[in-house]
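So, here come the structures, one by one.
Two complexes follow with chain A in common, the first pairing it with chain B and the second with chain C.
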Partner chain A sequence: MDSADLTAAERLLEAEPSLKACIGCGGCTATCSAAEFVDFNVRRMHMAFVKGQQEGLRTQLNRCMLCGKCLLVCPRGVHTRSVIMAMRKELSPEEK
Partner chain B sequence: MKKVAVIGAGPAGIEAASLLAAQGLEVALFEKESQPLHNLTDKAFLFPNFADARQVSERLLEKLHTPGIALLKDTPVVSLLAPTAGGSWQVNGQGFDAVLLTSGYTTFDARRKEELGYGIYPGIHTSLEMEQMLREGKIVNTIGDMPRRIAFLQCVGSRDEKVGNHYCSKLCCVTAVKQAIEVKKLIPQCEVYIFYMDLRMWGQHFEELYREAQTDYNIKFIRGRISEAGGTFDRRVQIKAEDTLMGRPMKLTVDLFVLMVGMEASQGTRSLAAQAGIAGEYGFAQACDPHTSDNCTAHDGLFVAGSCKRPMTLTDTLADARSAAWEVLRYLHSGLK
Partner chain C sequence: MFSVFVIPFCIGVVALLVVSVMKYRRWISQFDKRQQMLVRKGILSWKFVGAAWEAFREGLLHWRITKRHLLLGYMHRSLAFGWFLLIVVGAVQAVLAYPNGHPPYVAIFFNYFEPRSENIAHFAEARFYANLMDGLLLYVLSGLLLAMLKKVWSRPMGMRRTTRHNLTDRIAKAALWCIFPLRLMAEAHTSAIYGNGGFLVSGLGRVIDWVRLDQPILEYQWWVCYSLALGTFFTLMPFTRYMHIFTEVFLIYFRQLGLRETTDRTGYTNFELSACSRCGLCIDGCPINNPLGITNTQGVYLLQAVRNKDLFGRAERLADQCLVCHQCSNDCPVGIDLEAIRRQVRINSRKKTDDNSGYDYLKAVRPFNALGRVAYFGGCMSHLTPSITEAMERIFQASGTPYWYMDKERSICCGRPLLQQGFESQARELRRKNTQLIKESGATMLVTSCPICYQSFTKEYNLPVRVMHHTEFIEQLLRSGQLKLKEKSALRVTYHDPCELGRGSGIYDPPRQVLEQVVHLLPTQHERERSLCCGFNLGNTVLSTEQQTEVRERARQNLLEPHPDMIATACPMCKKAFARGTDTKVHDVAEIVAEGLLETAMQPTHSTR
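Now for the complex of A and B:
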């Protein structure tokens, strides 16, 4: 954590502040349609992102189909789908 | 003689009524049901020491014999009115010098979490229904056989903004551990899982019970919230969760799926707290101050105790009722009235 660069993480939390309320229950990952077929763990991804660990996330993020089921089950009201969109923007500046 | 109305003959109402009557007050104890203590008499054993709920109920019911208590069964309170200048509190049109609200809680209706399948698929039960099975000493799956695998899910209707309840119900964590142990005592070969977000073993002996569940009963704890449950072709239940400590989504097929339903304000609590102008968060009744004045309300002469304020264990409810009885006595003797 000492060497982590948290600037992108801070921008993400500013873009989607609801993410701060996450308690890591994994409900989003459990219900994920994409995770049925491919290696995709939405909880692990956004938790890694806010800790400044963003390597390899860009390819993984493209596996999300934006179905929004994760949004429906979150007990803390995190807007998981817009978290994904915001992470994509952070990791693919050309798409901004 | 001073007259006090106590609304709700649950543990808090009975405990407070018996103390007030023993101090020479005339107590009318209103109960909407035909019998008192219905939220206790539907339990089998109580955490954390597996006390027989029936024996505990009997000990409480004996207190109703205190001279000075009039138990009014089948008498829901429909009107609770604050005194007009110099008058008394009006409960169903009768005048009282003080009123103690002990109208309690109800359990969350699991059908509101449709994705968990309760009321849709067989084999999915609430923790209350599990308690009923434990009371009868008989646990069977949907085809009448002994279950080989059971999963409990914590926080159903609690800590869930989707149903509007941000709060923790406090006692489901330990209740699931207690029920899981009882299942293992009845069916030692049954695999038992408890799915949780956080395990809050805050009370005396709760943590020890958790440890015992692990070491003596091999109950398996998985940190993850189950987000979907569905029926299988052979009348079992398939659940989906993430094992968050392993970082992997998982599916598990079980014979019985138990939903640990949280506590909500009862209908009586909601309507009476609103009528009296002391409605707090989530429909619970609001006391003045959580630290120094937890039984008084915004109105002189109106007091609150027990789970009409928030989720509370039986132990805490009884202590709170004794504290409320003291506040009522202090008020009536203070010359305020």
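Now for the complex of A and C:
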């Protein structure tokens, strides 16, 4: 936990403020097209990111097809696609 | 036949020619392999005839602008075509007057040299030409007056907002606006002394004579000013928006040869960037501008930022702000592919994160044998509007069409949302998989319910089968009698053209033709090409929900204005957007048709998956 980069979570909120409204209902994961094929849990990935457990996260995030279903089912109006894109940007090799 | 005052003009013309040739040569050398091949193949073909006609129609007559607004078209035409005719008729006049030849600048400053030349031929139509030239000058001046009016009050010219120009553009514009009044004054002064010129010039000349300003020194100064204005304008031209005058001709020719934008910035992109006249016709229609009031995102400003490499970071921000509703490319009178250029900017900004290694899981998806059937691709969004896919299944069954619902259980996205965001290689991976599934299934046709997928399949894929949007497919079934409908219902319905289906794919009529057979279709104020975006297009990732809602509200008001019983659309995304926060029912064309089916026509079910 000490070695974890916790400022990334703040940067993520800054990049996508709508994320503040997330109640962790898991609706995004339930509807996800990628999750029908492979382990893809938006909520869990987000938690891992926030906790700084970023190992292997990039590979997982790359499974997203950006189709936008999660966006439509979110009861809190979180821009889930933007969250995923922001996390990917944060984790891209050049940024680290 | 020489006078020192012609020097600024001559310098300007030479500078313009040298810089233009250098620029065009560089851009042509930046064409990619395919573009080079198309140019080599097409250069000897007859395509230049079509290109010449289009260049004449658009570059000089400004036909597309005229169709949009009569007075605005007149303004552009009088400046472009009027000036062009002034040059051409002036050249003919000089050739007739000097059968033994003359330096080229004499045609431009004809009225100055005419009374001073000894070897001038007195040709029969001299008066006619003098009057014609004056008429043309008056024509140009009338356009100039409108242009000035537009600057202070653009509404009568059909524009709410006009472009904010940069400094070089403004200087060049000032020079351009000076050219014609200065020409009139110079010619009038010569006429005051020598009595030459047509009705306009000699009329003004008599006034000058009357107020005793007919001094040779004054006359000479007007000619110096005229030449300076010309010289300044021509020297600045290659570095300003006025370069579009020449570039548009090249762009039209290259487009006729089949050149198109690619995912990367090429020489062709440079031609498009330079062909933008910064007329600002892309501003008013943009939903980011109206209703959101963000006035820096529109096509003209995006191109400005892309053109200016220092502003590239800015271009990325502007490109992200767009809803990709295709309104600006639809409104562009030059036909610039703004969608493609915006995508290039996005691709460039996503290079670091565009990683297609995450789709290994798709390898496990095996093709399905659907030999001879119609493949139905609901699309991701349609999974959230199951009433649409259920309606389509009923339509397939009722019409006796053997079909394969290829994404019924698990759906692989078509890849367009990724591509719209600039993840080029990831999108390619999804396209590859879907192409394999469709090809190996043996399906004879692909029908989709989602306009996003439709545009992807028709433009980004290269499929061996015909692709139809479900509204086209239903229209065909009704026409061939394969679908039987109950009596037309009394429902009054307004139809919303989805951006991706209408402006994006040019499908306006099939949904209307279908609806007219089932319900009473009411017209709305903004429809077809001028349809308003629902605000929830997947092309945008930066607008807030409140902003998206504001965009949607404007579109919704337009649809509700005729007080319909129901709103119809042909896109699951638009349906979802409108269905939120409204009491009026929102249905897809497929649902409305399925509701109106003659149930007796039901055929046995065909296997899905």
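As a working rule, the second predicted complex is superposed on the first by the 88 of 96 C-alpha atoms of A that agree within 3 Å, B and C clash if a C-alpha of one lies under 4 Å from a C-alpha of the other, contacts with A are read in each partner's own complex, and residues count from 1 in each chain.
Please note the rule applied: a contact is a pair of C-beta atoms (placed from the backbone, for glycine too) under 8 Å apart; a residue touches a chain by one contact, two chains touch by 3 or more.
Nothing here was measured: the structure is a model prediction, and the numbers come from that model.
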Dominant toucher of chain A (residue count), chain B or chain C: C
Chain B versus chain C as contact partner of A:31, first or second or both or neither: both
Partner chain in contact with A:44 - chain B first, chain C second, else both or neither: first
First (chain B), second (chain C), both or neither touched by A:73: both
On chain A, the residue positions that both chain B and chain C contact, one per complex: 31, 72-73, 77
Interface residues, chain C side, partner chain A - complex: 352-353, 355-359, 361-362, 364-365, 380-381, 383-384, 409-413, 415, 417-418, 421, 423, 426, 430, 538, 541-542, 544-545, 573, 576
Contact footprint of chain B on chain A as seen in their complex: 23-32, 35, 41, 43-44, 72-77
Contacting residues of chain A [partner chain C, same complex]: 18, 31, 33-34, 36-38, 58-69, 71-73, 77, 79, 81-82, 85, 88-89, 92-95
Residues on chain B engaged by chain A in the complex (per definition of touch): 115, 155, 159-162, 197-198, 223-228, 240-244, 247-250
